[in-house]
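In the two complexes below, chain A is the common chain; its partner is chain B in one and chain C in the other.
Up next, the complex of A and B:
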């Protein structure tokens, strides 16, 4: 099919005169990592909170938490992103919406992407945390309450220290997902890794080199995350629980 | 939105499939005519929202100026190969995936709003030029934006993967204008960015700007301004080094221009009400276009 390979293109100065094409890719790489890590932090905090709330006896609180999870888990990621980026600024009070829309576009795109990924992933983290708590033998909670702990103390000192350690392995896959999901944010113009890959195709007309380079970068990120999480998993494993090997 | 994901998936899958499977087959000639004759099928690449060149009408039919030229070329191919029946398949493409889809054989020809330039000629072939445009700005009538110099320090939108994006980013870098350049996914999204006040101006090919205006809530709010930053030749994209196929397509385009039919097609799309809103682009035939119709050629401007 007459494709002329040219890997050197990555080292060539870019058409717009701001460094090399490899430099563009590195910018996207940093953006993907920065966005994913901040969204992950947000998802962990919110997800832990909502996950705990889903298991409390108070019907109103657990119902509210369930609604939160269903809302963010059942709307496609791309639709959520467009709602954050395109729709909400129009619904906000005119002064606030305009201020947001006239700010630096990179800030707008990053904030929208962060909220979108953070809330979406937090719903998934919440489900993992909930199932972690529910997997604990009922006796643990009852014993804690029986020796005079309040419900909050039972969560704080007995159930959560166990539950959080149990959910680390399933959270690894959510952590990997957030990096891959961040590629969706290229649709609002955020120049992350996938977007830079597309830019490279447009500017150099060398799609294969560009997409292969981007793919390798994603693989690199995920391999590092996987190794790091294996270490964490080994550290927090509960000895003698769930047949730890 | 579904289609974005599937298109990306298709491109990636195709990228890998072709990389892994067909490496040894690189030396073969493209031979599109032969393939069309043997399979009885031709796949046309079209755009979804490049008004008035190639876009969907309200019945999801592909229409437009470039689409008419592409169908003329298909007729010529059918006649040239003496095919009783030719199965025509349509495939929507984006500016980001069109080159790959031509190269890996997913589509055989793409007539939309694709600029013929020297960089792309390294990867694909181009037919005779079908349209000549200039890259300009669209802004709100009362915004005070008259030319590119007025954009310093402002948010400006353009569509990702276009020549305008390249020119705008380069201008920003060379003249240190401090613009914030937003690269939207397609022309529709670029215009949405302009319309919602995220950007003060939208840089794009003038004909496409008029096309976006036709879709606006209030077309009279908008105006196309500025000195053209570049002239560009739109051509139909073909596979590289496929002389026999190019000859038939070029012949069809030259024939349409020589017979005076091209002017009729032009008037239909640029001087008369067009879907989806029945707006008239009212963009008179430029001198460059008149020259092109008189002497069809496949020259790129850059």
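Up next, the complex of A and C:
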């Protein structure tokens, strides 16, 4: 097809003189991982909290949690990103908005991307946690209350330990998704893995090598996450339950 | 010990309990029976407030269950309950099932709770299973553990909600034996069950329910010898056939 392959291009010094093109990619790789892991941490904490609230008897609390989920789950990720990055700094109190706009552009991009991915994913985590809690036998809650636990203790000692075990597999999917979703953040200029891939194409004119390298980097991340989550699954398996021995 | 006075409960338009009144004295064993859907389980769950009710009053040891000022967790901690499906906590070892509430609810020292748990496991013949998980035990064993778990809280009375209904026939007796032993020791018990043999041997009184009402509330001998209502006669005829 007349394409001249040149993998060595990755090791050549970059046009801007700051290391190699592979070095650019590595910068994006670190950004993707840093962003995704911090957003995942935020999503897990918020999502667990909101997921629990969706199942409590208090109608006001569960309604509020449901509204939270629908808000962050139903607005497209890209739109949410633009709202965090372009719109909210304008709507925020002047002092706060100005402080944001005068900060380092990388900080602006990273904070917007983190909030966007974190809230978006937390709504999805909340749904998984809720379904985990709802799939427990109803008698478990009764048994916990009957022995004298308060509702909070029933969640803490009886329902959540089992619910979280049940949702490890679906949470693995969400965990994988957050790395892939983070590519959207290139649209506000954040130099993560996908953005570096495009840069590489522009500077080297070797699109196949560039995108293959980036794709492999994503695959590497996913493989590591999958193995790690499988370890977690095995660690928390309950003997005599759900295929445990 | 347990008093129910005109307890009524409905889900929307559906009346589950109507004017249920009864009394369980200290040391009494009361068996609650009746066809399925008659409200037996709901009635027994009103005693520890697992099922709210709209009117009437339930008191346990003089404390009103329906009163919003009542500290329900505190009351429940001293009312043991055993469920049809055992409801052990699957992620905890057997001995942890027996100690967690002692420590977290009663504030007992963990070592003391452990000793008490092991002694109770020994009593129900399951000491060697202490470090296993509920999923590794048979149904009969799990139900004996569930009874031991309730006893670990030093209950003033025990509620049983069809404790043998989910068991294979050959495991029913091991559970009934533990319950009979408890009754002989003078434990106050309210027990929803279809095991009429157990009722005949152990019960002091039998309550028969139908369509959310207490139709009969009589001494064991009077109930079995001469049930007054047609409904109870039919029920006994059916259930005693085999």
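Operating definition for what follows: the second predicted complex is superposed on the first by the 240 of 245 C-alpha atoms of A that agree within 3 Å, B and C clash if a C-alpha of one lies under 4 Å from a C-alpha of the other, contacts with A are read in each partner's own complex, and residues count from 1 in each chain.
One rule holds for everything that comes next: contacts are C-beta pairs under 8 Å (C-beta built on N, C-alpha and C of every residue); 3 or more make two chains touch, one makes a residue touch a chain.
For clarity, every value in this text was computed on a predicted model and none was experimentally measured.
Q: Answer with clash or fit: chain B and chain C placed together on chain A by superposition.
A: By the criteria stated at the top, chain C and chain B fit after superposition, with no clash.
Q: Determine, for the superposed model, which of the two partners chain B and chain C contacts more residues of chain A.
A: Touching more residues of chain A than the other partner does is B.
Q: Identify the partner contact of A:241: answer first if only chain B is touched, second if only chain C is, both if each is, neither if none is.
A: Touch partner of A:241: chain C, not chain B.
Q: Between chain B (first) and chain C (second), which, if any, makes contact with A:17: first, second, both or neither?
A: So A:17 only meets chain B here.
Q: What is the contact status of A:180 with respect to chain B (first) and chain C (second): first, second, both, or neither?
A: A:180: touches no partner chain.
Q: Pick one for A:78: touches chain B only (first), chain C only (second), both, or neither.
A: first
Q: Could you state the shortest Cα distance, in Å, between chain B and chain C after the structures are superposed?
A: Nearest C-alpha atoms of the two chains are 44 Å apart.
Q: Between chain B and chain C, which residues of chain A are contacted by each of them?
A: Common to the two interfaces on chain A: nothing.
Q: Show me the residue ranges of chain C that touch chain A in the complex, using the header's touch definition.
A: 45, 48, 50, 72-74, 76-79, 81, 83-85, 87-91, 100-101, 104-106, 132-137, 149-150, 153
Q: Within the complex, which stretch of chain A touches chain B?
A: Residues of chain A touching chain B: 1-4, 15-18, 76, 78-79, 82, 86, 89-90, 98, 101-102, 104-106, 108, 187-189, 191, 195, 198-199, 201-208, 211-212, 215.
Q: Any idea which chain A residues touch chain C in the complex?
A: Touching chain C from chain A are residues 137, 139-140, 142-150, 153, 157-158, 161-162, 165, 238-241, 244.
Q: Which of the residues in chain B end up touching chain A in this complex?
A: The contact residues of chain B facing chain A are 1, 4-5, 11-12, 15, 18-19, 22, 25-26, 28, 30, 95-96, 99-100, 103-105, 119-120, 122-123, 155, 160-162, 165-166, 169-170, 172-174, 180-185, 192, 196-199, 239-241.
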